[in-house]
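These are the structures, in structure tokens.
Next, two complexes with chain A in common: one pairs it with chain B, the other with chain C.
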Partner chain A sequence: METAVLTFFNGISYGMLLFLIASGMSIVMGLMGIVNLAHGALYMVGGYVGWTIAVQYDLNFGLAVFLGGCAGGLTGLILERGFLRRLYKQPNEQVLLTFGCIYILSNLCMWIWGPRRRLQFTGEFLSGLIHIGGIPFPMTRVFIIITGILVAIGLWWMQDRTRLGAMVRGGMDDKEMTMGLGINLERVSMLVFFLAAFIAGIGGVVGAQLLGVYNWLSTDILLLALVVVIVGGMGSVQGALLGGIVIGLIDTAFKTLLPQFSMFTIYLAMIIILMIRPSGLLGRRV
Partner chain B sequence: MATAKLKESVKQPWQGQLIRFTPYIAGGVILVILPAVMPSYIQGIWTRFVIFAIFAASYDLAYGHTGLLSLGHAAYFGAGGYTAALLMFHYGIDSLWVGIPLGILIAAAVAAAFGFIALRVSGMYFLLVTFALAQLLFSITWNVRWFNSPGMMGIAGLPRPNLGIPWFSWSPISLYYFVLVMFLISFFLIHRIMNSPFGYALRGIREDETRMRSVGYNTWLYKYIIFIITGAFAGLAGVLFVYYNRFISPTHIGITFSFLPMCMVIIGGSGTLLGPVIGAMVIIFAEYFASLFTPERWPLILGAIFVVAIMYARGGIAIHLSRLWKRMSYRYGSTKS
Partner chain C sequence: MKHKKLLALVSGICLISLVGVSFIAGCAPGPPVEEEPIKIGAILCLTGVVAELGPKFRAGIELALEEANYEVAGRPVELIVEDSATDVTTAVEKFKKLVDLDKVHVVIGPLMGDSHLAMAPYAAEKKILVTSLINGMYEAVQYETYLIYPTTCMAQTYPFGEYCHDVLGYDTMITIGANYAGKIAYANGAAKGFEDAGGTVVQQLWPDVGTPDYSPFIAAFGEADVVLYAMEGPGPVSRFIYQYREAGKTMPLVTITQDGDYTPEALAELGDIALGILGESSYPWQLDTAINRAFVAAIKAKTGVVPSCSEQNAYTMAKVVLAGLEATGGDDSFDKLWPAILALEIDTPQGPLSFTPEGVAITDMYVTQAEKVDGEYRLSAPIDVVHAIRDWRLPE
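Moving on, here comes the complex of A and B:
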């Protein structure tokens, strides 16, 4: 019983991390039609900066999360302002460009932080266990779940309840019409891209509690994000949340029950979803 | 008409003739003569370049000609390579006449399976799915012991292939010429495919798939077939790569090796016959020089070249070369007879 509860809990927390990784990517895909393959690299930048703040300078973990997010966001902003904007209406080129950026960012990170793998780190107030009903839950995972829920609520509120969200939804449905109504869609895109990169950076620091930070994280995370987006469907917060939790639960469950097959399960889930619903569980139509 | 044209060209002065044949002469010198006089280590680089030219040309069939942006092309390269390597490693079959056909077959089969899944979706989703599927293959080769030599990642210490001629033994230059023959055959086949009605239909799909569908083409089938064909060519490149490199590891299926042909096609010029070859040449030789000076910065250099090529030189080198050639032949070739 305790194992089952803990596995479920671990699955949910991993799923929340996956949601943090995939949500930004999903929104950018929906609004701008760009598959930002450098999303994992932004996550990695956030993770490294968080490590520098929290471990090297031994400052507050919350500050590390915020500054990691800022680092990711700024890198994303440079990517969008400097490069992607100049390739307007050339989706293939934009995708390829972000692919090249994986290489550049990974190598720059290796240059700055070196090839050594950083172990999992966390704040002082997050170490230890919390007992609920006699079952011990690690605080780090509780923190991940709380962060995930906060980001999910924030994104959902932004998407469905604010003017910016309405602009974003309008832009997804009909770009020309939205621009014709006098909305500066380019500025909206910039804001959304920054927000997505910011969340990726936050995810990098929060996720470092489970995964650590290392140099090939950029592609590992990219793969997870892609699978989540494929399963959940792109373009909505709910899709990324559902996809993340489904993949998190499946992955954790199989790692506990059948560890020898655990590496195939997320792909298998992805293939099955593609066969039944090519646009994902909650996706807009492809 | 044809004879009149021929006569005209015969009358042209010698500069015209020279310009006319410059590309062929340059190609012949670069591919056939130059490697023969190089030291054997450089001949290895040349072999690598020609193998990657096949790989990049196969990628260009999908991306440049059909518009299928696949992110996991190394999967088929690796499938071919692993087939050849496993045949030698587990079964002791080092015959080239088994390795190459079987490698191509397995790679095409993998492409058929992956293409069936990936082509259910189009556009952005297609590239996500091809990427994820290639990573699936990567994690299989990474985790399953059968795909690795004992105690390490990948299969090392492979012998050279057996050509079936008793007195024959491989030298760097004979391996190079063998690979070159394979390259010329592939090049010819790709040329034929692209100039067939099938090839024109593919370009039609790239330009406007909806229109092609409404004209009555089964575009799904066309894309599926070309996807399998590109897988087969990539498989051939993989087999040759194993024969040349004598080592294969999961890295050769991973994202790095998917990125290389993409980079070559973009730099050389997509949708052209010559582009991938030129791109392969640029990248492989740049890689060689980078490995002499700063091997650890090579990914950064590669990424930077790639980004610059996308931002500022979209046509690729091949376009500029052919424009230069045309200008030269107008200037020197069309003197009055």
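Moving on, here comes the complex of A and C:
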């Protein structure tokens, strides 16, 4: 029983981490039509900056999360303003450019922080375990789950309940009409891209509690993020959340129960889901 | 008629003069011809999963060459370093580049056993002498172009498995090791030693290389007296220990290749959670010998930190190659260099070193643990030692 509960808990926390990684990518891909393969690199930059704040300077972990988010957001902003805004609706060029950015950002991080992997870190208040019904739950994982829920609520509210969300959705459906209404769509796009990169940066620090930070993290993360986005459905916060949880639970359950098959289970799950729903669990129907 | 004779005479004189001048010119001393350098290739993991180890290997090789002033048997030595990216395909490509383009006859590295297995047929075909960096695959021994150092993976950890049963008193064991050839061999070596000594291995788990979250595997652990882990490098090792402690598990941990994984930097970040974990080490830097003290001081001066087995192994392998080249008078062809190296008996920072006829090193194995002394986290001096271990599967 304890193993089943722990597996479920580990799966949910891992799924929430996947959601934090993939949500920004899903929004940018689905709402703005930008394939940003460097999204994992923004996650990595956030993680490194968070490590510098929390471990190197021994400052508050909350501050590390915030500044990690800012670092990811600013790097994303440079990427969007400097390059991607010239490549709207050119997916091939976007893929090539952002894939190249992965190498550039990874090597920049290696120059700044060196090749050594930075170990897991967390705040003092998050160390230790809480026991529920005699079963130990690490506080770091509880924190990941709470952060994931808060980000999911915030993004859903922004997407479905705010003027900004309406402008973004309007821009995607009919760009000319939206601009004809006097909406500065370029500024809206910039804001959305910054927000997505900011969440990636936050995810980098929150995720470092489990994974640490290292300079090829961006490519490790990229594959997982793509799987979550595809399974959940592009452009949907709820889809990214559901995709993250489904993949997290499947991956964790198979590693626990049938570890010999765990290498390919998430890809198998992706194939089956796409056969049933080609646009993902909550994506727009193809 | 007279003209014809005169023409023949002049032509003859010209021809003789030309030949004579050419001969004299050929005999005259010209500018000195520089001796061709001996090229030594090194394939190191400078990027990828264990990128932190690459610079350590490089420092060890460079130190050995600096001590020789980049010269052996009167010939200059050139080191050509390639990055394996900790990837089998890349390692094989770089190996072919070193062999075909750079024309090297000796290659140090790469680290991963899978890469060695992939490179071995080509190395045998081209007669290239290859050295491992941290142990090597038994399957590579058959090609007889490989120097396996400190010994094969399974032989390295077999005595530690026995130690866990006979000395530490454990009867049941769980092993968890990264799912690639090298670490599978390490874990299986310890498991075999443990079972041959009378213990029982109750569970074996193989997470993939680069597994981000070990908690599902940790949750799947059954009950045993001890857990032996064998992850792919300092980072994954640290992540595993961290997540194991975080999960509240209390079974004691033991490990293999502790000296390679417990780098000073990793230990400092791990802090108290690694204290007391016993492990197998091929090279504890605190070995109290004159040659080791000098080596530790030299590495510390070069890198700022005490050496792990990464620096030591790379240093010793470079020293072995240089000693072999010295013995052949600078001839780096495989047929001369291979027997010259196998005949070596030298003292190294790790201890005495010799080779079996198959090219497998015969070295000592140590038991160590993480400790904290005066606020500093470090690998302990040897707690125990097994002298001159050799692969039990090789012919006597």
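In the analysis below, the second predicted complex is superposed on the first by the 282 of 286 C-alpha atoms of A that agree within 3 Å, B and C clash if a C-alpha of one lies under 4 Å from a C-alpha of the other, contacts with A are read in each partner's own complex, and residues count from 1 in each chain.
Note that in this section contacts are C-beta pairs under 8 Å (C-beta built on N, C-alpha and C of every residue); 3 or more make two chains touch, one makes a residue touch a chain.
Keep in mind the model is a prediction, meaning the values are calculated, not measured.
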Quiz item: Taking chain A as the common reference for superposition, should the pair chain B and chain C be classed as clashing or as fitting?
Solution: clash
Quiz item: Which holds for A:G212: it touches chain B only (first), chain C only (second), both, or neither?
Solution: second
Quiz item: Touching A:T7 in the superposition: chain B (first), chain C (second), both, neither?
Solution: second
Exercise. Considering only touches as defined above, state whether A:Q120 meets chain B (first), chain C (second), both or neither.
Key: second
Quiz item: Touching A:F83 in the superposition: chain B (first), chain C (second), both, neither?
Solution: first
Quiz item: When the two structures are overlaid on chain A, which partner does A:M263 contact: first (chain B), second (chain C), both, or neither?
Solution: both
Quiz prompt | Which of chain B and chain C A:F99 touches, first, second, both or neither | solution = first
Self-check item: Which superposed partner A:P138 touches (first chain B, second chain C, both, neither)
Solution: second
Practice problem: Look at A:L223 in the shared chain and tell me whether it touches chain B only, chain C only, both, or neither; answer first, second, both or neither. | Solution: first
Exercise. After superposing the two complexes, find the one stretch in chain C that runs into chain B, choosing from 38-46, 74-82 or 110-118.
Key: 110-118
Quiz item: Once the complexes are superposed, what residues of chain A are shared between the chain B interface and the chain C interface?
Solution: 110, 263
Quiz item: What residues of chain A sit close enough to touch chain B in their complex?
Solution: 29, 33, 35, 37, 83, 86-87, 91-93, 95-97, 99-104, 106-108, 110-111, 219, 222-223, 226-227, 229-230, 234, 263-264, 267, 270-271, 274-275, 278-279, 286
Self-check item: Complex interface listing, chain A residues touching chain C
Solution: 3, 6-7, 10-11, 14, 55, 110, 114-120, 129, 136, 138, 140, 210-212, 214-216, 220, 251-257, 259-260, 262-263
Quiz prompt | chain B to chain A touching residues, read off their complex | solution = 67, 69, 71, 117, 120-125, 127-129, 131-133, 135-136, 139-140, 143, 254-255, 259, 262-263, 266, 296-297, 299-300, 302-304, 306-307, 310-311, 314
Exercise. In the complex, go through chain C and note every residue touching chain A.
Key: 46-49, 51-52, 54-55, 179, 205-208, 210, 212-213, 215-217, 219-220, 234-235, 238-239, 242-243, 246-248, 265-266, 269-270
